[in-house]
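Look at the two complexes coming up: chain A is in both, with chain B in one and chain C in the other.
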Partner chain A sequence: MPGELAAPGLHARRPAGGGIARFLGRRTVLPGLLLIPVLAFFIVWNTIPTLWLLGLSFYRFSLTSGRAPIYAGLLNFQNILNDSGVWLDLSRTLLFVISGVGIQTVLGMLLGLLFWNSQRLPGRRVALTMLFAPMVLTPVASGTFWRLIYDPTFGVLNSILRGIGLPGTNFLGDSSTAFAAVLVVDIWMWTPFMVLMTLAALASVPKAELEAAEIDQLTWWQRLRLVLLFHGKYILMLGILLRTIDSFKTMDLIYNMTFGGPGTTTQLVAITLYRRAFEAFNMGWSSALAVILLLISIAFTATFIFVLHWRDKAEA
Partner chain B sequence: MRTTWREHAYHAVLWLVALVFFAPIAWIILSSFKTADQILATPPVLLFRPTLDNYVQLFARESFLHQLFNSLFLSISAVLIAVAVSFLAAFSFSRFKPAGTDFLMFLLLSIRMLPGSAAILPVYLMYVGFGWKDTYAGMILFYAMFSIPFSVWILKGFIDGVSPRFDETGRVNGASWLRIITRTILPQVMPGVIAALIFNFIFVWNEFLFNYIIGGLQTSNVPVALTTGLYSSGGVDWTFISALTSVYLVPPVLVVYFFQRYLLVGMTFGTVRGEV
Partner chain C sequence: MPDIHLEGLTRSFGPTTAVDNVSMIFAEGTVTCLLGPSGCGKTTLMRMIAGLEAPTSGRIRFGDRDVTRLSARQRGVAMVFQYPVMYRTLTVAENIELPLARDRGLSPAERRGRVDEVLDVLDLLAQRGLRMGDLDMGARQRVAVGRAIARRCDVVLFDEPTTNVEVHAKLQLIRAFKEFRRRLRQTIVYVTHDQTEAMTLADQIALMQAGVLSQCAAPRVLYDEPDSEFGGWFLGSPGMNFLDPVGRVGVQARFAGISAEIAVPGGDVAGLRAGIRPEYVRVFPHAAPGRVTARVVGDCITIGGQHLLTLDVDGAELKAKIPPGAGMAAGSTAFVECPAEHVMLFRDGRRLSEQSVGLSRFP
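Entry: the complex of A and B
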């Protein structure tokens, strides 16, 4: 709109030396103004609740007792650290994260390499949609339906097993197989994510280096190590980290599938907290556990940002 | 001719992989056209007369329509609010770098790294205290808060990629900041806006735990309906679950199909770019 174009005189008022940094550097309320809505959200729905949580973690407080909170110092933390059940749940979560993310990474990288040259695949978009669908399916829904697939009498998996003459197994009901059965569902759901990250990592490799590797007749192992991993390692690391963080949070998937059972064989730490907070309503104890998980999450976040900076530095 | 044969084999293998991953979902959809007896038949039936009864019954449930409406309403409004406020904040972070930008970006991200039950516990206590439980405003604003970190991270990355020369030109020509933000920056970061919209949409759409804990009869969404309606008089109500899941997976799957380009940037907080 011509009316809004600058009068010639405006150029003269431009700070000498110009540059965006210069005139943005002027003291202005705008940066703060733009942040107000997000900060308001952050303070009301994050800072205040987190402080509340932190405070409550020092109190003995149960919603069912009807008594007012009693200051207990570090008692909740002591109780948690001395609770062998919590340690067991934490180590089970660790096992779940390491084995799940490990298998997803290896399988995802192999499938990613397989899909590398798929540009001419007929119906590629449909095929990739089918491959990536497990990631976007509602976790409680997939958890529920896998229960039917695993079912000892009606499940399709046991029908196949019986069909080839193997004994049927109550995968989710048997404490020796439940953990592995849940892990398989997690792998099914999240291997596509590592395929996606591997494809991104492969796409970040310069074409010229691939051609050079071709000319130099590097073996596939040398190519993988010197060319593909050299360029793709940051993206893969970010993928592994995101997966680790997400896997540590696993809750919805298990909720309808086993809800931590049988016994506590599939009880990951997010379920432990859920049970103590929203079934036993032991809020003091649960707040203390939530604070511990918060510290672990902050450590994860710091690692993630460290890798981001590392990549930015390497690419600069 | 040998190369084409090899290519066909290669393509067949790729399709096989895709089908293996899709098989459980295909089984859900297939089951939704079966009767209750057929779903539980041993051995499983592959050939049957498809019935639409499950869908008819599903949509005849008034509670289901209400929950479907809730799912749509909560996810769309929360995501729109979140992306709008995040866009302004991301612009501020990107252009003015106010003191504490890195720290705030870090704090924002750490919200999303926390296990859901730990994140919702203090909010639950607050909502019970203030009487905000099971209110639309309470749910929408909480979901918006949870969608903000993701949106700020994605949008800041995209705005960083737009040269400050554009702002400068606008300023020199006398445009207000509001005009620069909406007319110059926004159109250039549309891919980021779309990525933030659809990935937060999928998140809120699929979200179960928060809704279950701070929601209630009025605001419960479909994942909560699935969990609470799991059992009917004769055990697990598989016809209900399969039909409901088949309906509910349509939007996320369409998103993956139509927005495949944004999948990567969406699932990595905007930290990884590239085509798939």
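Entry: the complex of A and C
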């Protein structure tokens, strides 16, 4: 109606000018255009290889045979499920994940609580920076660094052991110590992440409840259970899930430190996959194993999303 | 049960002084309300008593015991927060029983008895098995009150406990508070910005302004004899009328609307103001000796069954509470009488003592 006043924004002006400006001014066009590079990257580097992998898992295909891929149906999957070596590698990976993430969670929580309770401690920031340093190093660098520390001839650790009169040990070369030695490095690398998650969890606790716990003279266990864990549990659970998914895929650290050895003592399933694909060039079999690992990762991710929804519902 | 002694208590946050050199005594077994507008430092003062905030300087004693450097846990006080705090995984009864578990002197039967007593007074017996998610804000705050009361600490602190609850729950809380107070006679510090609540609950009120203790007295004394213009303005709904001097005759000052000359110490009217509460201003439709002519400004507003009238007296605004049915139309002429015995004199914001003020009515 002429002269009628419109609320600002309700009849927002379209950009003046020619056809391109008007086209870009549409609500969905510009955001869509801005998404194209990311989508293109995702399709080229993620979707296509995944579909390729899925397809290849149904074929017998060896890069060394010189023959074209032969359709094999579910044979690769059947072979993997009947392969006791794979089951052994999977159980070793599971042990690595459970013990690694478990210890990281406990240590991370303890250190998180320690740093949280020492706000006024001198040097707190320096200590925190030092604590987080392993997390920001690449696993390749950490692996190399620790391989040197563990070195039986000139490694620092063996020098110390010999210095206090104990016999030196080839930590990475001895099958009785290699798994634990690698696990220690993983714990060293990723405990800071759980410290970070613990600090984030503690920051989410309402101040009034902490003060009420103090006033009510709750024991440390009551305070942990009724206040800290109650409020921080979602963030901690997300931390544990993220670490579980990540730990399940551990490859670079082992590759750099032991390459699965001695024997197969540190051979996690990701190393098995690498060896079968890029040493034996058995692409069909490796693709099928990759699909299985993908499904396991999806199961973890689904749990992750479920926890997020659970939190949203609980907090609503 | 101990008195609480505050000695020169100060708390600064950077350049801001939230509490400035407060010294006072909370007598044992009494309820003291810390009253004042938002940001006046009353909550900070109470948090220092609780041990949740460390004073920048000064001392806090519970009886002979210096608690200034003790933590909240070591002070052994109970406290109810503004936002209802309830341990969410525990039921109502478990919440109330939780702090009692540390009391080794209590047998399980005594503990249960105490929980039942608290639940009964707080009208929570039917909800004893419920958890936080099943309760409204009012019920949650009653649980928080129950947890504080059940411990039977010598000192109980309340930080605006009725701010976040609706009216019905507020009345329930106040009723329960009075009942507990009658039974237990604990030393209670109650922070509020609601003057009605303070007037209803307190044995004494500590009125605070900008971090400073303005006045500490019994509610009636605080209302009738405010030490400062702030006290007169803050207490009452609406607060006191303040009138500037319009003339001087020797040592007598004249104020707009007051049909009396008031003797002023030294005859100096600088910084002088006269104050009178709205309920003492009398309004008449007819002129008579001793009445001052005024004009009714705006319509009457009804507050608590009384009409509030705004008047213009020689350019000064005067509020008067008149009985129902005595309403006057906006713009009409009224005649005002301010009884001299209810007039108080203030200089530079502080009240002048009665002895220094003399009144003489106009001829």
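Here are a few things to note about the model shown:
In this text, the second predicted complex is superposed on the first by the 267 of 316 C-alpha atoms of A that agree within 3 Å, B and C clash if a C-alpha of one lies under 4 Å from a C-alpha of the other, contacts with A are read in each partner's own complex, and residues count from 1 in each chain.
Keep this in mind: a contact is a pair of C-beta atoms (placed from the backbone, for glycine too) under 8 Å apart; a residue touches a chain by one contact, two chains touch by 3 or more.
Every value quoted in this text rests on a predicted model; they were computed, and no experiment measured them.
Legend: residue contacts after superposition of the two complexes on their common chain; A:Thr144 is shown touching chain B, with no touch to chain C. Once the two complexes are overlaid on the shared chain, A:Val227 sits against chain C while remaining clear of chain B.
By the document's definition of touching, of the two partners only chain B reaches A:Val136; chain C does not. Put chain B and chain C next to each other and count what each touches on chain A; the higher total goes to B. By the document's definition of touching, of the two partners only chain C reaches A:Ile215; chain B does not.
By the touch criterion defined above, A:Glu279 reaches neither chain B nor chain C. Chain A contributes residues 206, 208-209, 211-212, 214-219, 222, 225-227, 230 to its touches with chain C in the complex. The touching residues of chain A, counted against chain B in their complex, run 4-7, 10-11, 14, 18-21, 23-24, 30-32, 34-35, 37-39, 41-42, 44-46, 48-50, 52-53, 56, 111, 114-115, 117-118, 120-123, 125-142, 144-149, 153-154, 156, 159, 163, 188, 191-193, 196-197, 199-200, 203-204, 235, 238-239, 242, 245, 248-249, 251-252, 255-256, 269-271, 273-274, 277-278, 283, 286-287, 289-290, 293-294, 297-298, 300-302, 304-305, 308.
The part of chain C that touches chain A in the complex is made up of residues 50, 52, 71-73, 76-79, 81-83, 85, 87-90, 98-99, 102, 144, 147, 151.
Residues of chain B touching chain A in their complex: 7, 10-11, 13-15, 17-19, 21-22, 24-25, 27-28, 31, 39-44, 85-86, 88-89, 91-93, 95-96, 98, 104, 106-111, 113-118, 121-126, 141-142, 144-145, 148, 152, 164-165, 167-168, 171-175, 177, 202, 205-206, 208-209, 213, 222-223, 226-227, 230, 236, 238, 241-242, 244-245, 248-249, 252-253, 255-257, 260, 263-264, 267-269, 271-276.
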